[in-house]
Amino acid sequence: MQNLGIEYIIKAFPRLLDGFIVTIEISVSSLILSIFFGFIIGVLMTSKNKVVNFVLRIVLEAFRLIHPLIWLVVLFFGVTYAFNIQTDSMVVSLIVFTLWGTFEIGDLVRSYITSLPKSQFEASAAIGLTKIQMYVYVILPQIIIRSLPAIVNLATRLIKTTNLMFLIGVSEIMKVSQSIIQVVYYNNPNSYISFTMYFILLLVYFMICYPLSLFSKYLEKRFSVV
Amino acid sequence: MEIRNSFDLVNIFIHASGVTIEVAFLSIIIAFIIGLICSIALYYKITVVKAIIYMYVEFFRNTPSLVQVYFVFYGLPKIFVKLDSFTCSVLVLSLLGGAYMCEAMYAGMKVISKNQRELAMAIGLSKFDTIRYLILPQTISISIAAINNNAIFLTKEVSVMKIILLPEIVYQAFAIISLRADLTVPIMILMIVSYLVILIPMSYGFSVLERKVRFAEFGD
Amino acid sequence: MLLQLKNIRKSFKENIVLNDVSFDVEKGEVIAILGRSGCGKSTLLRCINGLEEVQGGEIYLNEAMITKPDANYKHWCEVRKKIGMVFQSYDLFPHMNVLKNIILGPMKVEKRSKEEAVKEALIHLERVGLLEKVAAYPRELSGGQKQRVAICRALCMNPEIILFDEVTAALDPEMVREVLDVIKGLRDQGLTMLIVTHEMAFAEKVADKIIFMENGKIVEVNTPDKFFSSPNTEEAKRFLNL
C-alpha cells in the first residue's frame, strides 16, 4: 500500500493545486475571451464581403484541421526563433486557445444566425430598429440561448486540451505531477507512484468534466423547446 | 540523426507522417468496430452491459487523452504490463475513438423508429439479420458525418502521442529542434504541411464518402 | 395626401414583378389589394417600407420622397416609425414575453420612457382582448393571439399607416375571425391601412377602395360594392368567377 506513493501525493498537494489552478486559469480566460470574440467573429462571418468571408474561413479551417498542440509549438518555437524575442509560454497558450475557441464559437454563431428565419430580421426592421439594435435586442439573445450547450461543451474541451501547455513549459498540473514523480523515483525506485498519480489525475479531470457534460445535455434539452 | 540537406529533413517528416497514418488508420478501424459493437449492445438494452458501456464512454470522453496515455504508458507497467509506444498509442486512441464512435452511432440508431424493429421481428428476421440489413445501413447513413469527424479527430490526436515517444510528426519536430535550433522555421512549416497533406485529402475523401452514403439511403 | 406611389417598377433578376404601379392613399382610407398569388401585391407592400428596393418610380410619404437613391438603413428606420407592418408569419420575438415584444420598438426606436410605453401597450392589448396574456411568451399563444399581439406591436409605434401582408393566411379559420375583428376595430378608429388579403368577404366589408392587381400591374381600382358585383375589367371578372 505504501508503495503506491499516496503519502507523497498528499504532501505535494499544494503544488498540485497550484498547477491545477494554472490549468483552470487559462481554460476560463480562454473561454471568456473566446465567447466575446467568437460572437463578433460570428457576426462578421455573415457579412457579404467576399474578402472578409474568405479570410475568416481560411483561419477557421486552419484551426479546425490542425491540432492546437501544433499551433502551440509553432507559435512558441517559431515566433521565438524567427523574431528573436522571448515569448512567455502562458501568453502563447492563452493566444492559441483563445483563437481556437473564438473560431469554434464563431462558426457556431454564424450557422445559428443564418438559420434564424429571415422574418425575425424583417419584423425587427419593420418596427424601426437600427441594425445594431436589431442584433443586440433580437438576434443575439436568441443565439446566446441556443449556443449555451455548445459553450459548455467548449469549456469541457478546453479543460481537457489545455494541459498540453506543459509541453511548451507551462507549470500546470502535468508538469508538476511529473516532477513529483521524478523526485519520488529518485528516493524510492520501486514506487508505484506513476500509477497512482495519473489515476488520480484521471479522476480529477473526470469529476470536473463529467458534470459539465451533463449540464450541457441538460441545457440542450431545455432550450430545444424555445 | 544526420541532416545533411533538406532532403534528409523532408525524409524524416515523410517517415513520421507514415507512422501517423499507420497509427491513425488502425485506431480508426478498431474504434469503428468498438463503436459498432457498443452501440448495438446499447440499442438492445442489455442492462448490465449498458451500464458498463455507459461508464466506458463517459470516462474516455471526459478525461484528457494526454493523461490517459500517460497512465497506460507510465502508470500501468507498474502493476500490469509494459507496452511499447506504438501499441500504447493505438490502444488508447482506439478506446478513445471507440467511445466517440459509440456515441455517434447510438445517436443515429435512436433515430430509427422502433416500428422498424418490430416490423422486422414480425416478418421473422433474425436479430442478426435485422442488424445487418435494417439497422446498420441506416445508422451508418445517419451518423456518417459524425463518424467522419471522429476519424479526423483521431488522426489529429496522434500528435498528442508524441509524449510517449511515438516517432510521429511532432515528436520528430521536437527532436530535430533540440539538435539544430537553426532549422526551427523549416521544421515548423514541415510540421504543418505534413498534417495538411494528411488531413486535407482525408477531409475531402470523407465528404465524398458522406455524400455517397447519404445518397444511397436518402437519395439526396 | 398621405401616401403616393408613382410608376413603381421592380424586378427580381429578369422577372418584372411590379410594372408601372401608381396609386394614392388618403389619410383614414382603408385600401384592400387583391389578386392572384404572385401578382406582386406582397412585394408592393414591402417596397413601401423599404424591405424591397424599387428599381424605378418614387414613393412619397406626406409629400416627402422616401425612395431616395441614397437611402440607407438609417433612412428607412426613420420611415418605418411612420409606416407599420404586420406579417403573415407574425414573427414575434420568441425570447421576449408579449409586453416586451410590444414595448421594444417604442422604447428603443422612439426613445419613450418605459412607463409610457407600458401604459400604451396595455391599452392596445386590452383593445384586442389579450390583456391577461401580457406576461405570456409567444410559444404559449395560439396563432390568432400571436397575430393580435403583432398588431399591437405595430400599433404601439403610432404609425400613420399600417401595412397588412396576408395576415390571416397562416391561421386556422376560427382564428381568422378574431384577427379580422381587430382590423375592423382599427378601421372604425380611423387608422389608414393597406391590406393585402385573400379574404374577399372581409375586403368587401372593411375597405373603402379595392385595388386589383395582375402580373405586376394595377388592373382595376373600384369601390367594394361595385367591384364585387359588377367589376369593370375582364380580368377582374375572371378572378371573381363572374
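Per-chain numbering from 1; labels A, B and C assigned in written order.
One rule holds for everything that comes next: a contact is a pair of C-beta atoms (placed from the backbone, for glycine too) under 8 Å apart; a residue touches a chain by one contact, two chains touch by 3 or more.
No experiment lies behind these values; they were computed from the predicted model shown.
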| item | value |
| --- | --- |
| Touch-based graph of the chains, sorted into line, ring, star, complete or other | line |
| Which of A-B and A-C has more C-beta contact pairs | A-B |
| Intercentroid distance (Cα basis), chain C paired with chain B, Å | 56 |
| Inter-chain centre distance, chain A versus chain C - centres from mean C-alpha coordinates, in Å | 48 |
| Distance from the mean Cα position of chain B to that of chain A, given in whole angstrom | 21 |
| Residues of chain C touching at least two other chains | none |
| Parts of chain B lying in touch with chain A, wherever the complex brings them together | 58-59, 61-68, 70-71, 74-76, 78-79, 152, 156-157, 159-160, 162-163, 170, 173-174, 177, 181, 184-185, 188, 191-192, 195-196, 199-200, 203 |
| Of all residues in chain C, those that touch chain A in their complex | 49-51, 73-74, 76-78, 80-81, 84-85, 87, 89, 91-95, 104-105, 108-110, 139, 150, 153-154, 157 |
| Residues on chain A engaged by chain C in the complex (per definition of touch) | 117, 119-120, 122-131, 133, 137-138, 141-142, 145, 225-226 |
| Interfacial residue positions of chain A with respect to chain B in the complex | 65-67, 69-70, 73-74, 77-78, 81-82, 156, 159-161, 163-164, 167, 174, 181, 192, 194-199, 201-202, 205-206, 209-210, 213 |
